[in-house]
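The structures come next, written out as structure tokens.
Shared between the two complexes below is chain A, which has chain B as its partner in the first and chain C in the second.
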Partner chain A sequence: METVTLTIKNQPDLYLEADNITPDAFAGKKADEIANLHVYVGREQHRLGDFFEVSGNAGATPEETKIVVNGDLSRVKYIGMKMTGGEVVANGNADMYVGAWMQGGKITVNGNVDAFAGTGMKDGELVINGNAGNYLGAAYRGDWRGMQGGKITVKGNAGSDLGTFMNGGEIIVGGDVDVHVATHAEGGKIVIKGNAKSRLGGQMVEGEIYVLGNIDVMMPGFAYREDVDIEMDGIKGRFALYEGDLGERHRKRKGQPIYAKLYQQIGA
Partner chain B sequence: MAEYLIKNGFVFDPVLGIRGDQADIAIKDGKIVETNAITNPKVIDAAGKTVMAGGVDIHAHVAGPKVNVGRNFRPEDKLFGYKPRNGIERMQGGFSVPTTIRTGYNYARMGYTTVMEAAMPPLYARHTHEEMRDTPILDQGAYPVFGNNWFVLEYLKNHEIENTAAYIAWLLRATKGYAVKVVNPGGTEAWAWGLNCENVHDPVPYFDITPAQIVTGLIEANEYLGLPHSMHVHANNLGNPGNYTTTLDTFKLSEGIKPKSKFGRDQVMHHTHVQFHSYGGDSWANVDSRAREIMDYVNSHDNITIDMGQVTLDETTTMTADGPFEHHLTELNHLKWANADVELETGSGVVPYVYSPNIKVCAIQWAIGLELALLAKDSSRIFLTTDHPNAGPFIRYPRVMKWLMSEEAREQQFDAFKHKDKVIEATNLAGIGRELDLYEIAQMTRAGPAKSLGLAHMYGGLAPGLEADVAVYDFNPNEPYAPDDIEKAFSNAEHLFKTGVQVVRDHEIASNGNKRTLWVNAKVNENPQVMRDVKEKFLRYYTVTLNNYEVTGHYLPNPYVIEVDATQ
Partner chain C sequence: MTRTVTDVICPFCGTLCDDLEVVVSDDEKDLLEVYNACAIGAEKFLHSQAKDRITRPRMRQEDGSWKEISYDEAIEYTARMLTDAKKPLMYGWSSTNCEAQAVGSEIGEIVGAIMDNTATVCHGTSLIAVQDIGIPSCTLGEVKNRADRILFWGCNPAHAHPRHMSRYSIFPRGFFTGKGHTGRKVIVVDPRPTDTASLADVHLQVEQGRDYELLDALRVAFKGEKLPDFVAGIPKEKIYEAAETLKSGRFAIIFFGMGVTQSLGKNHNIDEAIAVTRDLNEYTKAAIMPMRGHYNVTGSGQVWGWLFGFPYAVDLSRGFARYNPGETTANDLLRRDEVDAVFVLGSDPGAHFPFSSVKKIYDRPSVAIDPHETPTTEVCKVHVPVAFVGVEVGGCAYRMDNVPIETRKVVEPPEGMMTDEEFLGRVLARVKEIKGV
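Now for the complex of A and B:
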């Protein structure tokens, strides 16, 4: 695997739309060609090299390409957007849409990410070693196709509207989450190791939410069913199982409706 | 204005009866002229290329409130689709519900020059005209909807044709409308009670009238006025298995009525997007094609024209004044739904839809649309449409041409279906070997719709005296080609002239044109009763006054008025 290192040297006046920072766009290119890829600031087009020092050449394919981005990336959007393979490591806080619509490969952010990380993600792995903003693994505005597959892991906390319209894949949050979890979801799995606030699973049709900490307010559309023992991915304990959202339509299997499941830990 | 001579192209023109022979087309002062009438023309070398009149779209949803609802509630339709401003081209966005700017440009790129907005809610006519005003290049008109209008329901309940006609004349003038459109007659009004009218004899709640009475009465009123276009209907029971009988029942309402119009059309009923109305079976499990039954009727009755409503197998946005149908659709696909009631006039709904080649019903719908066109004996009475954007976006017309012109292209599509065998079993298409030629395509996209609209004196052909709307395509019909070459060439006209102005040059937009808005000014005898009813309804029911209702001058910066004298 070949490594390309980008180090930010000039901060943009506005925000940098850098959807070309992907193994797919870099593959087969040398450092100077990579520096010539375009980025936008507002409506103006610039070169990637106007903002970043570029060193190292990319591999022949996305799979053989690793990108390391260094510095304060809090004004850089779309890192790893739509990538299909390879690896991106961002050493710093990044702005919105990290790993949005990604289809493969791995992104590691050693810092925080702003909103819409992993939007519409189909496959691959997104690891955030800081906190995530709102709309992690959600759908684009208006779309009903949120996260479809792959895995997102957040070491810290996540914001509101986590997993909106999620249809598949997995999101694991090490810390706490804000309001609105898995709204409209029709599949997938969300694990919240810390506390949740309210509106978990509103209009949720299918899928699973696990909460290891507290839930401030449970949705009235979720009904308590039973207590169950769970052992899964290093999580072990007794959980209260709720099913919902009872106000929504639900698919049936053998005549029985399939509900979304919300598990809250109640004991070791 | 500049003179042009388009030399040596292979011309396909049903008006002149030219079937691909080489001919020269001359343009002067915005009109087609004899080649000896020009002195110093710019010469366009069209040798080895196809030349046709500008395309005419008789039915598309391209302007107005429901189109804008589609734009507003589908930001995902615009995602990654923007094109920044470039020279003369303004910024463009959107796929199935494109911006007005993209709408104009994309029609021009296909060689189309006239596009009719198929459903204008009268109360929102101002908005509709604002959007048409902002759609470059194209000549446009809009059809106000009448089939659920309280005035119409009340007059026709007592078969008051003269009053209905006077109201139509008044509303066309007030809204600057072009034709009488009917959507799910009575059914959209019934939807205000949570009901629907599924066949032509279902009574409309409260009004105590049937869809059959509404349709027949509006045909009679349309012919009383002698409007350019006929009554234009989207029948009851759209999109339901087994609905072909409702369609045939609707067709039969035109029997025995003859056109009384000076505008040269032969039909008294245009039935739109017939694909959605040609289903057999009694559930989605056993739905099948009844295109043969439908076309047997159309082929033997020459006072009807129809258009296809071809499914293009895309993700799109459905939108119709058929409010109950959109509710039915959102219950089927569980995607977002917008619904509107338009006071005394109509209603509407909007729902996104994905026509997937992996879903059997979508593939059956695809086959039915093509069967209609391939079973037609007279290609000048069936028009190429996708009911844009309902069955697919209009930018797919060239793909529909490919399917109509090439059995190989249809076989490729059959092979791409997940349930190929079941689709073949439920439809006739696999057994139809017919391949349309470019002359028949020109009938379906130019001469036919122009005549049906009563605009054969302006559009649809290349005869001297017609508007100089001329498209040149980089397509040589006399050399071997692959099916995809058809789609490529007709998606991307090499040159296009609109009223004598070159709007596409070397495949690029060269001018924003001089778009005109067509409307019909029908003069009738003074009718104090109808004028009193209008005043009374505005006072009693409407949320706006008459002064805030009528479409006035600045909404139509470049109007083209078609005068009709129906005084007696």
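Now for the complex of A and C:
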């Protein structure tokens, strides 16, 4: 695997739209060709090389390309957007849309990310070793297909609107989450190792939520069913199972409606 | 001698009353009296007659004082500001006519602006919900003639839309509602005992920020499923009762306002309220409608809808329309330093935005187009006074139920004063010259 290293040298006066920082755009290109790829600041088009020091050449295909981005990326949007393979490592805080619509490969952010990371994600892996903003793994505005596959892991906390319209894949949050988890979800799995506030599974049709900490307010549409023992992916213990959202539409199997499941840990 | 102009449209709130009578002097220069309007509407007409009204553009000087400039100088400053900026914000657009909104949109497209309207701090969240799950709505005429179950959620028309209740929602006698208010059941959901709540048959005093839970509980109740003993501070018996009241009507209408669109959950509250409406249609006829504030905020959503495909927060910087509230909304742009110039027309962000956003307007090249002196004109570099739409110039406006109504000119504007549309037309021509298009 070939490695391309980008180091930010000039901060944009507004924000940088860098949807070309992906193994797909870099594949088959030498360092100087990569520096010539375009980025946008507002309506003005610039070169990637105007803002980043570029070293190393890319592999022949996205799968053979690794991109390391260094420096303060808190004004850089769209890192790894729509990537299909290869690897991106961002060493610093990144702005919005990290790994949005990604279809394969792996992104690691050694810092925090702002909102809309993993929007409409189809496949691949997104690892955030800091905190995530709002709308992590959610659907783009107006889209009824949110995250469909792949895996998102957040070491710290996540914001509100986590996994909206999710219908596949997995999100694991190491810390706490804000309001609205898996709203409108029709599938997929969300694990919250810390505490949750309220509105978990509102309008949820199918899918699973696991909460290891507290829930401030349970949705009235979720009804307690039974206590169950669970052992999976390093999670082990006794959980209270709730089913819902009773107010929402649900498909039936053998005459019985299939509900979304919410598990809350109650014992070791 | 005086003359009375009838069937005048009120350019204040989204109710867009169309039955005002205005008395003007014979030479049509003075507006003397206003009949049928609410106190706010009447004041809007009479305020145009203020003797201390600003009638010429002004530019802020280094020492903080204003200096009068010509319209030509104001046009030059505005065109230069918009063409020099990499990402200008063009905000407001709710208190003007659709004709001006269309010209403004053309400028925005050429300079690569972000176009946002007052929905951004108002019913923009409703528009997100509508895009997510659709909306079963109707016109205010249908409400007047058919609705017998009226639900006001997080809104207070007694103060914000003063004639809404007498013209459409509670009191009027319509074709199938001959008994007026005695034939209607009114439910108000509000954490406060408001003046609207005092007119209601049922007041559900929801716990602050728990509207989403209460709406969900109504859906659970419609389906006859079990509820917890209390939801959002309201006992389950009252929720089952309210659900039954709504189901038993012939036509239910839900009106909602800032209490749900701008409290915790925002678009999700509306999303769930629309789902409640959809569920109600299993049992009876039901519709839902946002209580839009500015008289033509609905129109700016319509104009951008047909021009760009999105009703607010439209980012044109890359030459095609993008839309993502949370990123392309005025407050997020200002607070994150994403824009480098601010143009305001037909709105007062200085009064309604958080201080952190207003400070960013003050820090940037900025122009405010407004007939009044406002908190916004106080923080902008240039203030361009214009004629009052609906008083001194006509034009199209959209009522809160998306019905277009042509407003009327009743008096002449002060001598030599431009309208929004004329000013924008001149800026557009100058922008085209500078850009060579």
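The criterion applied here is as follows: the second predicted complex is superposed on the first by the 268 of 268 C-alpha atoms of A that agree within 3 Å, B and C clash if a C-alpha of one lies under 4 Å from a C-alpha of the other, contacts with A are read in each partner's own complex, and residues count from 1 in each chain.
Assume a residue touches a chain if its C-beta (ideal position, glycine included) is under 8 Å from a C-beta of that chain, and two chains touch if they have at least 3 such contacts.
What you see is a predicted model; the values in this text were computed from it and never measured.
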Chain A as common anchor, with chain B and chain C clashing or fitting: clash
Contacts of A:D227 with chain B and chain C, given as first, second, both or neither: neither
Touched partner set for A:Y140, first chain B, second chain C, both or neither: both
Chain B versus chain C as contact partner of A:D72, first or second or both or neither: neither
Touching partner for A:D32 - first (chain B), second (chain C), both, neither: neither
Contacts of A:G202 with chain B and chain C, given as first, second, both or neither: second
Which of chain B and chain C A:Y15 touches, first, second, both or neither: second
Which superposed partner A:V217 touches (first chain B, second chain C, both, neither): second
Partner with the higher number of touched chain A residues, chain C or chain B: C
Clash with chain B (superposed arrangement) - responsible stretch of chain C out of 80-88, 98-106 or 134-142: 134-142
Doubly contacted residues of chain A, that is, touched by chain B and again by chain C: 43, 140-142, 144
Partner chain C, residues of chain A touching it in the complex: 13-15, 17, 40-44, 96, 115-116, 134-135, 140-142, 144, 179-180, 183-184, 198-199, 202-203, 217-221, 223, 245-248
Parts of chain B lying in touch with chain A, wherever the complex brings them together: 73-77, 79, 84, 334-336, 352
Footprint of chain B on chain A - complex, ascending: 43, 139-144, 249
Touching residues (chain side chain C, partner chain A) in the complex: 85-87, 111-112, 128, 131-132, 210, 212-213, 216-220, 222-223, 225-228, 231, 264-265, 268, 271-272, 275, 279, 317-319, 323-327, 336-340
